[in-house]
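In what follows, chain A forms one complex with chain B and a second complex with chain C.
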Partner chain A sequence: MTRAQKLDRLQEIFRDVLDQPALHITESFSPADCPEWDSVATVQIVLAAEAEFAMRVPTATVAHLHCVRELLDLVP
Partner chain B sequence: MSTSAGQLFFAAALARARAQRSAGDLAGSLRELQFGLDAPAEFPSATSAAKFLEKSAAGGIPPGLPVRRVALLGAETLAFIQPLVRALAFRDGWWPVFYDAPFGAWQQEILAPHSALRKFQPAVTLILRGWPSLGPGEVDAGQLADAELAVARRAAEGLGLVLWPGYDCPSLDPALCAALVEVNRRLQTSLPLEMLWVNLAELQVAFGDGWEDRHLWDAARQHPSAAACIAVVELWLSLLRARWGQVRKVLVTDLDNVLWGGIAGEDGIEELRLGPGSPTGEAHAQFQQYLLELKHQGVLLAVCSKNNDADAREVFARRTMPLKLGDFSGWMVNWRDKADNLRTLAAKMRLGLDSFVFVDDQPAERARIRQALPEVAVPEIPPDPAGYVAVLQARRFFPAGAVSAEDRGRTAAYLADEKRNESCASAATLDDFLRGLEMVCDHGPISDLELDRAAQLLARTNQWNLTTRRHSRAEMTRLICQPGVLTRWFRLRDRFGDNGIVGLWILMPGAAGEWEIDSWVISCRVIGRGLEDLMFNELVDLARSAGATRLRGVYIPTAKNKLVAGLLPGFGFSAVGGEMESGSRAYAIELDQASRRTHVIRFPAGNGAVL
Partner chain C sequence: MLHAALTAIHHVVPARRLTAAELEARFGAKSVQSITSLSGIRERRIVEPGMTASDLAFAAADRLLEARGIPRPSLDVLVVTTQTGDYQIPGTAYVLHERLGLSPHCAAFDLAQGCSAFPYSLAVAQGLFAAGLARRALVLNADAVSSILHPQDRTLVTLHGDGATATLLETATANEGLLGFHLGTDSSGWRYLCMPASGARQPRDESTRREITDEFGNVRTAEHFQMNGQAVFHFAIHKIPEVVGEALGKFGVSLADLDLVILHQANRFMIQQIYKKLGVPAEKQFFYLEDVGNLSGAATPAALSEAVRQGRVRPGALILLVSFGVGLSWGIALVRVGPHGLVPISASTELTLVNPNSQS
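Up next is the complex of A and B:
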């Protein structure tokens, strides 16, 4: 899977969790760009990504996820 | 996202809902979402549904949904569980208005007389509190239980229906676990009676692996795990449904690829996969076994299948399996539309379609019933029959409360009903028919022996129910011990069978000789037999011998009890005051002016009215 493909799949997750069907995300997309991206949404995103990519995100990252790139870097 | 069949089903429904919302059809979009929520609830789908709902409701609460004020309290964050309550309550057809508690301070909020929580005046109070909230250090079971009970006693007033949780158990700390088992025991036995006990430890055991999620706790102070939260919310909602009388009573099942693998009319009876010998055969046999257990709990089973009737019956005759033809109270095997068949079944069984659960392996049949009969519950079952039981269990359609003798005998009672109806068709007049039934009625004060059945009648009876007061078993226990309170159960037998205890009333003493009918219910199985006349005569006699001179009664209307709107005036009561704001009407009658009602029900020899 290329990085772009991974980003596409992450985008689907973000669209779903944030309920924004037309959302377009970049690697630098962050909570500052979207008021609905709160701490609960972060955990939802992480849980969804863990299921989608069969991976485990470190606790420290869940507690402080600053942008999409940090999550993307973890995708196997 | 996750790719289980249920999640794909939900995702497709959510996509349709979004499209309809964008097109301006809010009602249509909510209907689609509701269909989607028939998929087994999972954390991602339920949170997505909640987000969709919050956004849709930004302009106002969706019309037509009953609104209930819900206080969700907890020792830790509730941000994860609240959306689950939002989504699954919507699936169940109601809309919670939440009180946002500052987390951590829930006990103080209960104790403070003028707290924001108390000003909110919740109808329902839900509490989530797991063992991690105890923090480090040793726990003294006695002290912890005392402290909890002190808070619980204060919570019993002014917070609506309170669901009080037990503690779950830490898997890695046997000493703490033992202490919490003791705390649970004390709580369960000493909680105020009007509260509902939420047995979290039992739920944890049934849930199995994955109850705890250390990772989620460390990152977000969330316990138990996301998946376990779904199980907690399903338990809460099932307790509320039972309390509100929204109980499912009938499971309607398809035959081919549900009760057995393969198609009876095509594959040949001996070729059907059922029982040992094939993995799917095992799964179908397990499903049958589960249905049989439901039947023993008092759930009525019915078949609705597109098949030749003779083919279907032959399978039961020739194959060995857990279920027998006699286990079914309804049988609709034909080639007609299934929605029509369900309507016919409901009419025959004299039960509302909202007490039906429909199980079918064909997605098209499920979609048909959802569209045509939205009041029927249609769980989205997975393609693999091995998953059927788990999906039905997770939804908790059928409360696994106490099983009464009436439950075990219910199928027999419905079969006897069929015979009664046949003889009804041949009798010349209704009176001839009723006489021909040779009805005999026992009755007596409600004691420990009848408590389970009495609580169940109060919980499940919707139509012939004067006040629809849903006293729990615990409240009934208290009522029957209260001096002065008169209660009576009524059991009706006839030449076709024993209907069991099918009616009760509760009479409360009042000032100056005026007594009040607190509750009066008759099971829908025996409506139209004149039992109410007999019950009224007993009401008058017993009230009089207890010293009453006047009897007061209130009709509290619900969506379903129109049947008894005119009952009290019909018995000679006069209206007292006008209609109340709630639509309720109060009536009263002087006992010396009450006339005796006639009926054709006999008392058995030796059963006088015992006080």
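Up next is the complex of A and C:
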């Protein structure tokens, strides 16, 4: 899977969790770009990504997750 | 070797309610609704000025002892867990020992434990029974976390309530009571639940009173209790099912053997996720947070107390108590209710501030 394909799948997760069907995300997309992206949403996004990509994100990474890129880098 | 059984339990929350409407006025409706839809917490009970966690603990203990007709000189041990004690020195156990009128031969001490307090305090008390140091003990779990939160910290204010529980432990036969414990720590996460300027490491000064707003809009200072919610949530969702599995293996019981699995009442979504991962059926689940909030160290025992009040705990029931939080820590206790069951304490579960020196 290419990085762009991974980003597309992450985008679906962000659209679903943030309840914004037309949302377009980039690697630098962060909570500052979206008021709905709060700490609760972060957890939901991470859990959904873990299920989608069959991966486990370290809790230390979740603690300081500031943008899409940090999550994308972990996708296998 | 003496063995402890849980023979009575009671909980108390403040009468004061912090409603969703009040929070929506403070943080905005959309923001609050986003959190409450997942947390499942509609109202929180919080102390009013002048009321402390030890007031709640006193009320819970006094009502339990009166209702059960327990002679106060018969208590050998008083264990108090709180992170919001009356003083840094001395421990709150001494304040409550005097206020409850306990005898000089009754040992009293605090355990500084957060949300995982209940299993830890039961384990310590069980150890005192086994050592021959106790035949009757009172365990008090109390927290008033609302008093150490910044009022603009949306993440914590919307979740936390205040409360206290009193649990009576008495000698029992070996096949009932406190049957097993599983305790553990992931100290790599201690910073995720922390009140930085609260002790010797970071003395309070002008800089610790400076307000900081995080990326999600939560306001706090170093003198307030802080939580990295996403980290704690992630830890709980993954770690707790894992250690519950370990505990069941260690105890030699399966989910099918259990009548009730009571989890720390952090928030409904988290509890549901853990139940789902464990495969706990609905009839073995229990929730007690919607009208009171997350009661921190009192949350798990208050849920047990409420389950007793609702008739969910039958005589002989096998119950798994699972608590987790500050540390990051977890504690799991396996409890067999005695053949006579746990009879609800008929006293009120509310406390209204009248006079700090005359509450009961």
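Here is the rule we use: the second predicted complex is superposed on the first by the 76 of 76 C-alpha atoms of A that agree within 3 Å, B and C clash if a C-alpha of one lies under 4 Å from a C-alpha of the other, contacts with A are read in each partner's own complex, and residues count from 1 in each chain.
Everything that follows uses one rule, which is that a residue touches a chain if its C-beta (ideal position, glycine included) is under 8 Å from a C-beta of that chain, and two chains touch if they have at least 3 such contacts.
Computed from a prediction, not measured in an experiment: that's the story for all the values here.
Student: Quick check on the superposition: with chain A as the shared anchor, is it clash or fit for chain B versus chain C?
Tutor: Aligned on chain A, chain C clashes with chain B.
Student: Who does A:39 touch here: chain B (first), chain C (second), both, or neither?
Tutor: In the superposed model, A:39 contacts both chain B and chain C.
Student: Touching A:7, do we find chain B (first), chain C (second), both, or neither?
Tutor: neither
Student: Is A:25 touching the first partner chain B, the second partner chain C, both, or neither of them?
Tutor: neither
Student: So, A:52: does it touch chain B (first), chain C (second), both, or neither?
Tutor: Only chain B; A:52 stays clear of chain C.
Student: In the overlay, answer first, second, both or neither for which of chain B and chain C A:68 touches.
Tutor: So A:68 meets neither chain B nor chain C here.
Student: Contact-wise, after the overlay, does A:16 reach chain B, chain C, both or neither (first, second, both, neither)?
Tutor: First partner only, chain B.
Student: Could you name the one stretch of chain C listed in 200-208, 218-226 or 344-352 that collides with chain B in the superposition?
Tutor: 344-352
Student: Indicate the residue numbers of chain A shared between its chain B interface and its chain C interface, in ascending order.
Tutor: Shared contact residues on chain A (touching chain B in one complex, chain C in the other): 39-40, 43, 46-47, 56, 59, 62-63.
Student: Mind pulling up the chain A residues that touch chain C in the complex?
Tutor: That would be residues 30-32, 36, 38-40, 42-43, 46-47, 56-57, 59-60, 62-63, 65-66 of chain A.
Student: Provide the residue numbers of chain C that touch chain A in the complex, in ascending order.
Tutor: 31, 34-35, 38, 155, 188-189, 192, 215-217, 228-231, 233-235, 237-238, 273
Student: Within their complex, state which residues of chain B touch chain A.
Tutor: Touch list, chain B to chain A: 1-2, 11, 14, 18, 43-44, 47-48, 51-52, 55, 79-80, 83, 215-216, 218-220, 222, 226.
Student: In their shared complex, at which residues does chain A touch chain B?
Tutor: The contact residues of chain A facing chain B are 12-13, 16-19, 21, 39-40, 43-44, 46-48, 51-52, 56, 59, 62-63.
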